[in-house]
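Structure first, then comments.
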Amino acid sequence: MLKLEAATIRNGTFTLSADLIVPTGATVAVIGPSGAGKSTLIEGIAGFLPTAQGRIAWQDTDITDQPPGARPVAMLFQEDNLFPHLTLAQNVGLGLSPNLRLSPDDKARVRAALNRVGLTGMDTRKPGELSGGQRSRAALARVMLQDKPLLLLDEPFAALGPALRMEMLDLVAQIASETGATLLMISHAPEDARRITKQAILVADGTAHAPRPTGELLDNPPPVLRDYLGS
Amino acid sequence: MKHLVFTAGCLTAATSAMAQDSDQTPELTVYTYDSFVAEWGPGPQIEQAFEATCTCDLNLVGVEDGAALLARVRLEGENTDADIVLGLDTNLVAAAKETGLFAQHGMTPDLDLPITWDDPVFLPYDWGYFAFVHDKDMDAPSNFKALADSDTSIVIQDPRSSTPGLGLLMWVKTAYGDDAPAIWEGLSDNIVTVTKGWTEAYGLFLEGEADMVLSYTTSPAYHLIAEEDATKTAAAFDEGHYMQVEVAGKLASTDQPELADQFLAFMLTQDFQSVIPTTNWMYPAVELDDGLPDGFETLVQPEKSLLLSAEEAAAKRDAALDEWLNALSR
Amino acid sequence: MAALIFGALLAVALRAETGRGFNAADWAALRFTLVQATLSALFSVLLAIPVARALARRRFRGRSLLIALLGAPFILPVIVAVLGLIEVFGRGGWVSAALGTLGLPPVQIYGLHGVVLAHVFFNLPLATRLVLQGWQEIPAERFRLATLLGIDGWSMFRVIELPMLLRLIPGAFTVIFAICLTSFAVALTLGGGPRATTIELAIYQAFRFDFDLGRAALLSAVQLGLTVFAGGIALWLARGEGFGSGLDRGLRRFDGKTTTARCIDALFIGVAAVFLLVPLMAIALSGLPGFADMPGQVWTAAVTSLGVAALSTVLLLCMALPMAAAIATERGRMVEIAGLLGLAASPLVIGTGLFIAIRPYANPQAFALPVTALVNAITVLPFALRILVPRARDIVARQGRLGLSLGMAGLPFLRHVLLPRLRPQIGFAAGLAAALSMGDLGVITLFADPNVATLPLQVYRLMGSYQMEAAAAASFLLLILSFGVFWLLDRGGHRHAET
């Protein structure tokens, strides 16, 4: 399980405090008003922002001071999830080896992963030649190969159309369940959260609250969330 | 990438191979100026002729120009590899002697110079007159005053960075003494520009930037003999022409004193001297058995030769330089 | 890097016996040096902006060749370029001749304006390339967005291009300022006399005629001080954000479609091309007649020069890439200033310092070529950093996180992200290094060995023995070779001139 023990994450002058536990294999939405600190939470867990106080642990291992690449974390950003100068195969291959030393077996796995996300035969394309949906799929293929126990999503599909977004979310859910990954996903759309997460963390007023069942939270939102959801 | 590594390897191999050839035959190292050692300069022929008489290895090292040559020897001091330094001119001789790095030559050769030479440390190997070179179809002024009064344009060299520039400074100083500043002021509107060295000035002249350039009376011989171009000549100035005498000397620290003496003696033989006129484009320091090459008889012969002794030149330099700077900086 | 330069300076200072302080003439030299360097840098950069802008937004046949050719003056040996300039702008030059047929007096090129003209001739190409690179680093997506918002012409300039320029100009200015600080032959020749005395001339005089090493070291330290000061100001001015990355789409511009805009761009490209290319043509024309029968030593020297250029390029990349990476990851602001020193350090002082340092242990002649290559590499380093750093910064800013999250810190990131994405810049920097090394006389004269002359040295030797025709031919060969290696390496990093 992922444990944040009295952790304070610093992002410039803004701080977010979190004291919560996410069980292994859970699917969790991170919701809250804009600017409340959702991205701060995710980037703190991923290691891009420093933890000023407290600690973060995964399965009882303290990861507070580990660099991002060493953490048991795969992450998708809002944008720039692929290197524009590398082919899809290389981009996905980075999930297996950061220095791109790929055995024939590895290359087969890369192809299989591309097949799995519906990008068969696109190995040699570069990101600039693809549609937004295809780029998201490629990034997901890499996440699959990274095979990290924690998957963090910082709204990577926000720019896609509703149908495509749903498709991607379903793909994420499938991959998470196949790999047994614990999923943390920032979401602005309640329907997204309901679709693939069972629990939700509310981030508001500089605090990340412990996860509660998604439906329950969305059905009876606290005032701060109600204003935001507009319902 | 591989090619680059290969090239780098070749360079290192080549340079180290050159550094360690032949330690059997004795080696005489002569520092001289750059153009002396070029394929078309006197160096190759002289090297061949000397090595035929000495069973030694003559190693000619080219160092930019006379001033750089002296700076190099001073930099190296008593540890210098040089046995002989060849290519200083009289303006540098005083400074060279002051270093105490040079030994006396102990020779009394029969020289053919317009002046008497009795320096115990340095021996001349060629000489020439500074002069303004121009196209024949121009009416050249016949002295500095006439030049200053005319609208003839000239390019000269900076005395702070070039030996001909320094020669001109001494020329005016010797000919006019305390009136030198007035001459320079008169010349200031004739001077198109002042260059770093002879090369730039002569290049500008050939590009047509000025009517005349400071060079040597022997310069037209090059155009006549090597290029069969008879259009260039030097202006004869009636106050006389300042001389450049190029000299060589033996280092006190040499590990080959006999060989060095042998080279200095060789320097004043026909084998060495006959090469000078058409490679270094200067007059030889001894009379040639076969006379000067055809074409040299057409050169301007100054009526009067001017030359300050090394000591006088050194003593007058700084003041003359200040006068020059003051007159031309206005 | 800094150790090498200060070490050389120290070696010279320690050998100093006498020492004359700063006198009135030195102050005058300092003033002239500053004035000419400031004006030269200012004009080079100001003119480069419209030229680079025009080149950035126009596509025409021969554009990439033109961009490459425009770089040629910069890589020429000084004397060759000066003679080329004189042939065009001199009293007896083409322009004067043309004016003469109209009954007008010839151009007067000698004076401060001549010095500035020559320095602009040398440095406008570099400034243009640096600024052009700034334009190319703005991702296509930003222009697309701007176009969509109906931003065009002046507003495009203010919204997108001006911030880029403000970030880029101080650095470009400083580099050119530093180059012009050490100018000597150009300044004196075109300055028309001792009024145009620069500090570098005083250094030369202290060395050659007075053998006053203390004074040479002092003057050299003044030069370095000026550069560090200018570099510090430039770094401070050039703070700010990058433009972010795009998806490597070919850069297509949608703005500037009006006839006026087209005419202005055509005018700037045309004027720059004529100004820079005509003197080159003059060099080529005077070189052609003697080309067939150049002395054999010229060809040997050409091979030597190619070797030096290759070694110099390798050394440069070995220094520049780690430094660029360090600067980009915010580990070294000082590193950038250290990089600038190479420009302002008098080659004479560095050469002499190295000479003094090497001599007790080995024959300096044996190191003539490696030392030349090293000093040349140090001289190009500041340009290389100017070229590499802004791009490296953007790469680290935009893709550093993704790399980190994939555990690509260190070497893998360098190898798979930084280097491939820097490829055009590396090609450009390597091309500059190779070409400048081909053309630079630098320290070779001090270490020279008659058997291993480089091509520029051979040009001087030919000129020094009246062989102007052969020298012109050798200069032309040098022009071809310098330009050739530059073009090959620059093209190797392709994209740069194309999109």
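The letters A, B and C name the chains in turn, as written, and every chain counts its residues from 1.
We adopt the following convention: a residue touches a chain if its C-beta (ideal position, glycine included) is under 8 Å from a C-beta of that chain, and two chains touch if they have at least 3 such contacts.
Because the structure is a prediction, the values reported are computed rather than measured.
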item	value
Identifier of the chain whose CA centre is least distant from the whole-structure CA centre	C
Label of the chain whose CA centroid is most distant from the centroid of chain C	A
A-C against B-C, pair bridged by the larger set of C-beta contacts	B-C
Distance between chain centroids, defined by C-alpha means - chain A, chain B (Å)	79
Mean-CA-position distance for chain C and chain A (Å)	47
Distance between chain centroids, defined by C-alpha means - chain B, chain C (Å)	34
Two or more partner chains touched - positions in chain C	none
Chain B, residues touching no fewer than two other chains	none
Residues of chain A engaged with two or more neighbouring chains	none
Chain C-touching residues of chain A, taken from the complex the two chains share	46-48, 67-70, 73-75, 77, 80-81, 83-86, 90, 94-95, 98-100, 126-128, 146
Partner chain C, residues of chain B touching it in the complex	3-5, 7-8, 10-12, 14-16, 18-19, 34-35, 37-41, 43, 60-64, 67-68, 70-72, 74-76, 79, 81, 95, 153, 158, 160-161, 166, 188, 191-196, 198-200, 202-204, 206-210, 219, 222-223, 226, 279, 281, 324-325, 328-329
Residue numbers on chain C that touch chain B, as the complex places them	15, 25, 28, 79, 82-83, 86-87, 90-93, 110, 184-185, 188-195, 201, 204-205, 207-209, 211, 295-297, 306-308, 310-311, 313-314, 352, 355-356, 359-360, 362-363, 365-370, 373, 445-446, 448-452, 457-458, 460-468
Chain A partner contacts - residues on chain C that touch it in the complex	245-249, 398-399, 401-409, 411-413, 415-417, 420-421
